[in-house]
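Here's the structure, in structure tokens; my notes come after.
Letters A, B and C mark the chains in the order given here, with residues in each chain numbered from 1 onward.
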Amino acid sequence: MNKVLEVRNLSKIYGPGCPHCIESTGPEADTNLCPHCGSVVAIHDVSFDLFEGEILGVMGESGSGKSTVVKALYFDQAPSGGEAIFFDGDTQHELFALNAARQRWLRNHRFGMVYQNPNLGLNFNISAGGNIAERLLMSDLMDYGAIRERAKALLARTEVLLSRVDDLPKHFSGGMQQRVQIAKALATQPPLLFLDEVTTGLDLSVQARILDLILEIQQELKTAMVVVTHDLGVIRLLTGRAIVMKYGRVIETGLTDQILEDPQHAYTQRLVASAL
Amino acid sequence: MNAMSHTTGGNAYNFGFLDEYAKKEIRRAVLKAIAIPGYQVPYASREMPMGRGFGTGGLQLTLALIGPGEVVKVIDQGSDDSVNAVNLRQFIEMTCPGVSTTTRTAEASLIQSRHRIPERPLTPTQILVLQVPYPDPLVVVEPSEDKRKIMHGEADYSRLLVKLYEDIVQFDEITISHRYPTRINGHYVIDPSPIPRWDVPRLDHAAALTLFGAGREKKIYAVPPHTRAEPLAFSDVPFRVEDFRDAAGRRRACARCGCTDSFLDEFSSDAGEKVYQCSDTDWCDEKLLRKESLRGEAA
Amino acid sequence: MNPPILQVEGYAKHFQLHEQNKLIPSSHNVSLTVRSGELTALIGPTGAGKSSVLKGIYRTYLPSAGRMLYRDALGHELDLALAGEHQILELRRREIGFVTQFLHCLPRQPTLDVVAQPLFGLGVARPEARQRAADLLSAMSLPERLWSVSPATFSGGERQRVNLARGFIARPRLLLLDEPTASLDPKTAECVIGLIEGLKAGGTAMLAIFHHPETTRRLADQVVELAPPPAVETLLKEIA
């Protein structure tokens, strides 16, 4: 099995930061807000590996920093410290040492992101097909006919009606918007996909179909995924391994069935007990 | 072009209206613009004695480049006698003693224009200055200038291309008629000012230097001579200039000079019929003159 | 002689419940061996921690003590208690199967795909994987009309057959079985026993818990009897 991503000691602090930030925050301190300088320690010392075709769950309540992890890796927000290495075939990319243009290149060609809020992942003022075209155009595909065929194939794959390819996504249902987002994320067949609370706020039946789709894609394309969610059901259905976060720290990591059936940390035990 | 100061006798104004420091700054911006083809160089656009939006960007370029002995032509939409062109020409005549003006493209060493590139191919000794209302082609897809700068830096024009895609989806063709986004020297995409699509291919590997001045937006950029200028397009939906064929597929001719290979303006005649005429009046005059002299010879 | 594929020595599992500040003993001092083509049966009273041994080997539980030496297809020996998560995932994919008491599967997935899932994971082409699933399901006499619907609505017996079929289909080297015949009618139970015998003959090593002593007698090559774990006080002293 090939490693796709190696994350080491990732941290993100919002605010000026001070020498007491780390010791004064975290699960033991029961806060992520530094009482000395008012900085928010969103994440600190987050490390994990991700392998080809693997789905890793990042779970925790809101404020745990789980979304910050994927936002840093997708270059939405620069981290305050740590490193991440992306293994792409024979080349390795030290993500946070790359210049902005190289980062954007990786983001457009080799990564995909599906946000909880379709507004962030889609341009609502251009058609569903246009949204996918944008990603293909970023990767220098310049043939209109080919782009259109590709967009249609992707939308068909994610079960969006082809009659709606030229409609604006703002007129779509929430579930359909997520499908367009997934199609867009997959446009360049990225080996690494980030999913940030993708089913949150959707009807249960819609959620289920989206989760099915994600699993099919993982099996078909061997896409490695990092799935951020507070929903233990999503963790159970999608992921093989999971990390549990609280106040910016990883408090537990393990095989998903082990975390759900034999959680080690008091917080995870409470989280699992309250959900099942 | 002369960097020396020429004060007009008895007149408080400096030669070329602008003070020498202002000219120097503009020339510096011009040099940078030539060195980085298509890059929008910011400059301190001066207040001119006319409203912004009336060609102050182009005028400042003209005044910074002009020297005694220069032959200047000013055109607006292809015409030398529209109000805007006349005003600018008079202003130049008034503030630049020793400079002559002309309406003949072939005679001009410096041409300031709005909305057109002259039909007659320009020569290496000529400079074309275009007046620009909106310099940044990305403004339609990205409101933040900071982000636009990054996009330009990284040559990220996918969102402009999406506009073209959406155009084809909706109208089966690219509907941009003016200000067609054009990639210069393989990197920066410029707004070539409101010239028609017809004129865009004439920027490509042109013999003359083309300078763009946006007074209100305080930007100068350039297409240096012999530089690639490629309109954005898809490989299977190529860029096309305006089609002047009639319903029967025949190329329309200028009603005045009979020319069939120039950009035509459409008018309504008194009888209510559509009439086509060369947009470039100097070109039209020249054709007409040649036609008449040929007729004279024949007679 | 046939060397053991799995050798468990002194396995123990207890749960530390932080919230209630409680220690719950589950399995204690379990040792056993499992060999290719043989079945080792775990017996003992309720609460002796039989399931906990299986879950410990599969690493659904983190063992509290002991070694679980596993010899993989390449002949390498590793301690499952200490193996990395990715190693475990890879073993689960290729070598170790687990038929749990209850069927856990994705909602809305057709039965055929549920059963074929382990083959999908191994990269077997979908049509072929589905064909093999269909063969297995007809061998287990699951009516064909059920194949295209999700097992969610099935009876206990039907669901258990699906569960077994999924555990069998990839012919794992080591198969863990937790009361596989408990909810089956005698006829289906008989069919499942036949399948287990077939797997044994094919060389699969099995560690199983059976509901009926009769089944254990018929299938087991070795029987390991577990005693209930000692009381918490004793355990605490031992740990200290």
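One rule holds in what follows: contacts are C-beta pairs under 8 Å (C-beta built on N, C-alpha and C of every residue); 3 or more make two chains touch, one makes a residue touch a chain.
Note that this is a predicted model, so its numbers are computed, not measured.
Q: Expressed in steps between touching chains, what is the minimal separation of subunit B and subunit C?
A: Contact-graph shortest path, subunit B to subunit C, evaluates to 2.
Q: Centre to centre, using CA atoms, which chain is the farthest one from subunit B?
A: Farthest from subunit B by mean C-alpha position: C.
Q: Which chain is most central here if centres come from C-alpha coordinates alone?
A: Chain closest to the assembly's C-alpha mean: A.
Q: Centroid from C-alpha atoms only, then distance subunit B to subunit C, rounded to Å. What do you get?
A: 78
Q: If you average the CA atoms of subunit A and of subunit C, how many Å lie between those two points?
A: Centre-to-centre distance between subunit A and subunit C: 33 Å.
Q: List the centre-to-centre spacing of subunit A and subunit B in whole Å, with centres computed as mean CA coordinates.
A: 48
Q: If a residue has to touch 2 or more other chains to count, which residues of subunit B qualify?
A: none
Q: Enumerate the contact residues on subunit A facing subunit B in the complex.
A: These residues of subunit A touch subunit B: 100-101, 104, 108, 123, 126-127, 129-130, 133-135, 137-138, 142-148, 166.
Q: Enumerate the contact residues on subunit B facing subunit A in the complex.
A: Within the complex, subunit B contacts subunit A at residues 150, 153-154, 156, 158-159, 161-162, 165-166, 168-170, 234-237.
Q: Inside the complex, what are the residues of subunit C that reach subunit A?
A: Against subunit A, subunit C makes touches at 15-19, 55, 59-62, 85-86, 88-90, 106-109, 120-121.
Q: Applying the document's contact rule, which stretches of subunit A touch subunit C when the two form their complex?
A: 1, 49, 51, 54, 208-209, 211-212, 215, 219, 237, 240-241, 253-255, 257-258, 261-262, 264-266, 269-270, 273
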